[in-house]
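A, B, C and D label the chains in the order they appear, each numbered from 1.
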Amino acid sequence: MIEAPDLSLAALTPLLFVFGAALVGVLVESFAPRHVRQPVQVALALVGTVGGFASTVFLALADGADPGEVTAAGALAVDGAGLFLQATIAGLGALSILLFAERGLDPAKSAFVASAAVPAGSPRDRELLTDERVQTEVYPLATFAIGGMMLFVAANDLLVMFIALEVLSLPLYLICGLARRRRLLSQEAAVKYFLLGAFASAFFLYGLALVYGATGTIRLSGIRASVTTEGTGTLLVLGLGLLVVGLMFKASVAPFHTWTPDVYQGAPTPVTAFMAACTKVAAFGAVLRLLYVAFGTADWTWRPLVYGIAIVSMVVGVVLGLTQTDVKRMLAYSSIAHAGFLLTGVLGLAGSGLSATLFYLLAYGLTTIGAFAVVTLVRDGDGEATQLAQWAGLARRSPLTAGVMTFLLLALAGIPLTSGFTGKFAVFRAATEVGAWPLVVVALVTSAVAGYFYLRLVVLMYFSEPAEDGPSVGVPGLPTTIVLAVTVTATLVLGVVPGSVLDLADRAAALVG
Amino acid sequence: MSDFPWLLAMVVLPAVGGAAVAALPKGRDAVAKQATLGVSLAVLVLAVLATVAFDTGGDRFQLTTAVDWIPAFGVQFALGVDGIALVMLLLIGVLVPVVVVASWKDTGPGGRPMKAYFAWLLVLESMMVGVFAATDVFLFYVFFEAMLVPMYFIIGSFGGPRRQFAAMKFFLYSLLGGLVMLASVIGLYVVSNSQIGEGTFAFDALRQLDIDPGVQKLLFLGFFVAFAIKAPLVPFHTWLPDSGAEAPIGGAVLLVGVLDKVGTFGFIRYCLPLFPDASRTFAPWILGLAVAGILYGALLAIGQSDIKRLVTYTSIAHFGFIALGIFAFTLEGGSGAVLYMVNHGISTGILFLVVGMVISRGGSRRIADYGGIAKKAPLLAGVFLVAGLASLALPGTNSFVSEFLVLIGSFPARPVFTVVATVGIVLAALYVLLLIQRSVHGPVRGLVESQPFPDLRRRELAVVAPLVALIIGLGVYPQPLLDLIDPAVSATMVDVGSDPAGTQPVHQPATAEQGAN
Amino acid sequence: MTLTNYLVLAAILFTVGAVGVLVRRNAIVVFMCIELMLNSVNLTLVTFARATGTLDGQVIAFFVMVVAAAEVVVGLAIIMSIYRTRRSASVDDANLLKY
Amino acid sequence: MNPVPATGLLSLSWLLIALPLAGAAVLLLGGRRTDRWGHLLAITTVTASFVLAVLSTVTLAGLDERSVGVDLFTFISTGQLDVSAGLLVDPLSMTFALLITGVGALIHVYSVGYMAHDPARRRFFAYLNLFVAAMLLLVLGNSFVALYVGWEGVGLASYLLIAFWYTRPAAATAAKKAFIMNRVGDVGLALAIFIMFTQLGTTSYAGVLGSVGLLAGGTVTAIGLLLLLGACGKSGQFPLQAWLPDAMEGPTPVSALIHAATMVTAGVYLIARSAPVFDAAPAAQTVVVVIGAVTIMIGAIAGCAYDDIKKVLAWSTVSQIGYMFLAVGLGPIGYAAGIAHLLTHGFFKAGLFLGAGSVMHGMGDRTDMRRFGGLATKMKTTFVTFGLGYLALIGFPFLSGYWTKDAIIEAAFDRGGVSGWVLGGVAVLGAGLTAFYMTRLMLMTFFGKPRWEDGVHPHESPAVMTLPMVVLAVGSVAAGFVLVQVAPLADWLAPVFGEPEEAAAHVVPPLVVSVLVTVVVAAGALVAWLAVGRRPVPTTAPAQVSFPVRAARNALYADAVNEAVFMRPGMRLTRAAVLVDDRGVDGLVTGIGTGLGSSSTRLGRAQTGFVRSYALGMLGGAVLVAGALLAVTAG
């Protein structure tokens, strides 16, 4: 007679929502007629993500949510931080889905390929280029990825963490390759992401094995216990290192960032937005859990490491970003730099550091989705015009678009009265509190330098004369409009009156397990 | 009367006005101008009323408004002014309308509409008021950085040929300074957190902290670098000539006249009271920079061939004087420095405006292209001369009083630096008179000959008249301003540990008790 | 024959796989090398399971196999699609995206 | 020695300044509307001030406490510094007020004729009024700050008037030169004020001069020397004399009023006013007399060599002010003498300049004496008045110069000791040189054969010009006698300088001195006659001349020295600074930028696009991470 493991379905509702939606989506793909799939899939995905978001919020506000519980035989930790991150991921995921669903911009009605199986450049491919059909699998795939991310940040156990990692990664690899235009780039991005991703997860796995060997358990709490009692042996430390490598890869922290620019540039822009926002949140969620829960009592081991890679990431991201000529690539390097800034928050104490990082993730995710959404608007003959030079004089053609982009760029640069500044201030404050002010100074200097490449785009849009055959600014359909409205509003609100959200993050800043 | 939130109104009104102007439909430049002028005049009125409501004998900070802004960080939206900030607000109130009228006929490069320009002007005004009126360090920082954005667009969109470069250099240079200061701001917060138990940014609370000297030095440097870049002190000055030369005249006036004062204002408002020990430690070095700036700036001004660059370099020299007065730690020097901040705003403002009028007639910034202006445009030449004399601090003009105060106030405390600084008086005469000799005097030639070069028009008269009046008026009777400034500076002297009553003479003259005169 | 030897062997296999990823050009082969790395980890896991006397390691190994299978599916799909376009499976040919 | 508060008429003394100032304001702001009657207004204001000055003087003379203060308003008051705008009415200041307004009024009248045909006459009168106001502030102010304000005010007026014909590059340059060299002096004055404030906490005459005793000797000397620097700048004394002759670029009435009668004597006023300081600082006094003596010679020597009538008069002014410095440098025995000479000089030098102006007026604005000659018959009034001024200047017995200059020379001898002999000698020699160059001037201008260029028709100037000349001529004749014999200036100034003590025993009896001087003067005149009177004067200056002459023509190379020591190095320094700023300071800034950019491209190459190199990077990173962790845990 086997007794079933404890399973608090209430605590799992968010995940159930999302995964449920994904599974139904798969069924729809196989049974629903093609012409209805697009709307149905979009609806499903939205239901799943929004439902997930709603349920996390509900869980967070319901009584007894704090201090959080461990469920599913201790595999999952449902706590403040976890819920905050899940909500963030679900919300950002919903926005990304909206970007996926945009049909107003591309003459072919979608950013995704009609049929991925058709070789790029073949005659069939050319005739499908303007076909209204869409590889609607992207929606369930994206939903799966979102589910994986939400699982990732709730994982209380290295194995679950690994599974979640794969669940979020594999769909991403696929949808990276599904761009309708510039398919070669898209496919190349997919291959690179896949091979390197798999490579990285191998490291993660090996680290898992070593930690398991050193401590005899894969439960974070167990690891913590043994670290506290038996201290840190070589095996354990090696394991920690490899685990960190695996996670930092996903978080696109230098020196594990190399895939980021290529994939961000090659992938369909909505997917890039999705990755830039959600993947980063998920990866940092896992990093926080691993470092704070499992190795929280041995922080002296990883503190210098994080210190170091934070600096490397900021410097690499900023310096390489200076000379980029492609908007998406530029934003990719900016995301590498931001990973560095986030790490300064990770350095902070479990209290302010955690809440600061949570806030930063939210702010950055929203802003970056907005930025990529703007990128989808600026188009010329063959799809999006991502060359910086093409943006010259955009402010004349479409003051609104230029204004929105400028605002979001200022947020990324961390100018006051934008969410970017609030976030930066939070993480830097946390780092200073633990005496890491030299790191903060480095971070501030690098963000000053980073100002250059954000402003370069502003200079182009406003101060340069427009080129005759410059790109046109598409009129966004409802989905993209919603996304832009939400992100810009959020960026502004989080910059001007961030109080409530900061408090929320403060209250959420708790990890169990 | 004093319970009305004057300062809040002065921050909000232009901001709203700016938004409104920006929202105007295309091609409504005329409306934009009138609206901008109206708003800026309203702000001037508010400033004057605020001054009336201000009680010179009262608390250090008055007309205060404070609401919690970001409780998580203990940030308050707290406004309030002491005499120092108040006179700066008055300066802003005067300069902005003048600038608006001065820019009335300007046309953007490539004929781009000027609507945005006026909108940005108003936004800038709001930010400038905020930065001087903030009594919460975080809020100050927010305005300090946000202020860059409007100026960035003013320079970048409506400036001269190299405006893109200039705007970028201006923004990045200032941003760097600002971010270094942010480090100190955060540090200050952390210190307050450890000392008071809860982090705060309230100026008055921070002033009470006693910070360990080592930490103090670091925090001081953070603030100092930011302000030294803004002010700017040599060697952090090279962005100013580019920005000042490329900015549209109106922008240049506000940039040099007000924005840069945030640096010197920061010295006296934040560096001295918050980090007295560090200030004393670094004073000799800073005085060195100040004096170096006086001579270096003047020399470079003499060497310039571009009128606008020349004016910016003269400002660098003047900022040297201001810093000298501040870091001499005497009441007379400090008051002189603050008065200097106002006067320099006026005198350099009018100098820039006149230079702008000359350029708008000739269409070139090279001094060599002009000559004998006095013959064709006597009125313009006259105003030019007045502006020049004000900038070389001739007695009877406003600048004399402040320069004299700075020097006589610094001399007792820092004789050597002061003596070297006085050489700047001669150099000032040199660069002004050289400019006059080359462009205003001499036979009519160059563009003055080839261009129509009309004399001042009505509108231009309206622009310069109030400034000339102020130059003379404040030159003859500066006492009202000094009465505003003195208490605040005196309080600062207490913070930094100097005699709040001023410099006691070595000997008490027999006639002292009958009053010095 | 002690357990350490198994661990060492696993480590060697892992290294071999890693080096293979670096030196081989054919995407399929590169992918195989990654599989090799995963399986070396499996070996490590079961070894440790033995050493610690817990079953977790062996369970994990099964999970890993499943995941690996899933990766194969996705991986081959991607590699196929690009192969059909380029008529080449060399990872070095795919470098339009750089700098 | 605090002044007593003013009452009645004296409390209106501020009108002395306000009237001309108002005139200037009206003329400058009024614009063309005032062209017709502007000059009349200007004359009225100055004349009114003169009348008021006379009345005030009479009132003052009636008081027994002859030091009256007028407090107007608080100028600057912060901390310990409290400067009130106030006036000090005492014999000294009123003496100057009379001179300024009196001569000023006359020259205003003269200018009506002289500038009759100048389109910008209104501006000219505005500036003149401005000058009078500033000059009155200078002498009437009750504190060193007030003096400083007036000091720079007259500097401005002088700048504006020298550059009156600004289209002439020479005028513009001369004006700038004058202002700059004055500024150098002003720095000295300013520093002196700073020291006063530091030491005594006040800058008022009452406060400072009353408590010189408190100060350490060194401090007093420092103050004295700094004041002297200021005085030298304003009064064209060595080493700052070079600007004065160039200042002749201005219209001649300006030269007469500003650069002969009044402004340039402000230095003398400053030293006299600060008498207590100098009395307490013998070292400073010595420097004063030395500078005075040196300048006497420089002026006299240069005066001998120039052919430009105005330049000669200018150098003569320099040298005469040297006499005054010498006098006031001698201390109590000299002050009154110096002031007396200042007044008489004011009369005859103004007269001479007006005469020169009249000559130029007749000769079509030519100033080269080599193209004059034989004008005595053509312009009788001018000749006579000029002649009287000439006699007065060279010290012809019983004319003004005779009385006042001899007094100085006596005082110089009475200093006793070697220095007394040297100074006296210099003074006498100077008198001789003066006689030489002035006689030369007379002969070349009014006697001998006409050497006029064609188209020049000399004619007498209108009455409006000659009348002032006549008045001044009378003054030149009588003033000296009056001031020394009839109503001794020394007694009038006693409240300021203390009772004039007779030198116990004259080193050289006065009679001997005056005889000696007269002889020397006669000799000088004779030599001049031998040089230019007897034989015809070449219309172009001979080229091959001995070194002394060349040196004299170049004013002893003062300008050359300035060029070499200040201007050229200064220019080089400026150019260097510009280079440093562009390449060095700014270069560093932009250098960082470009450096980052290039490193960016270099780092970017690592992003090859090859999966395998990325993987390598990751592997390397992994190794580093592991290594780092191990290092941390191990160490």
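Just so we're on the same page, a contact is a pair of C-beta atoms (placed from the backbone, for glycine too) under 8 Å apart; a residue touches a chain by one contact, two chains touch by 3 or more.
These numbers were taken from a predicted model, which means no experiment stands behind them.
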Query = If you tally contacting C-beta pairs, which pair wins, A-D or C-D?
reply = A-D
Inquiry  = From the C-alpha centres, identify the chain that is farthest from chain A.
reply    = D
Ask   = Which integer distance in Å separates the CA centroid of chain A from that of chain D?
value = 79
Request  = Return the distance between the CA-based centres of chain B and chain C, expressed in whole Å.
outcome  = 66
Query = Centre to centre, by mean C-alpha position, how many angstrom separate chain C and chain D?
reply = 96
Remark   = Chain-centre distance (mean CA atoms) for chain A and chain C, in whole Å, is 25
Inquiry  = Where in chain B do residues touch two or more of the other chains?
reply    = none
Key: Touching two or more other chains - residue numbers and ranges from chain C   = 18, 21, 30, 91, 94-98
Query = Which parts of chain D, given as residue numbers and ranges, touch two or more other chains?
reply = 604, 607, 609, 611, 615
Inquiry  = Using the touch definition from the top, list the residues of chain A that touch chain B in their complex.
reply    = 396, 410, 413, 415-417, 421-422, 425-426, 428-429, 432-433, 437, 440-441, 444-445, 447-449, 451-452, 455-456, 459, 462-465, 497-499, 502-503, 506
Query = Which residues of chain C touch chain D in their complex?
reply = 18, 21-23, 25, 30, 91-92, 94-99
For the chain C and chain A complex, residues of the former touching the latter = 7, 14, 17-18, 21, 27, 30-31, 34, 37-38, 40-41, 44-45, 47-48, 51-52, 54, 56-57, 59-60, 63-64, 67, 70-71, 74-75, 77-79, 81-82, 84-86, 91, 94-98
Request  = Could you please specify the touching residues of chain B with respect to chain A in the complex?
outcome  = 68-73, 110, 112, 141-143, 145-146, 148-149, 152-153, 156-157, 163-164, 167-168, 171-172, 175-176, 179-180, 182-183, 186-187, 189-190, 193, 218
Query = Along chain D, where are the residues that touch chain C in the complex?
reply = 604-605, 607-612, 615-616, 619
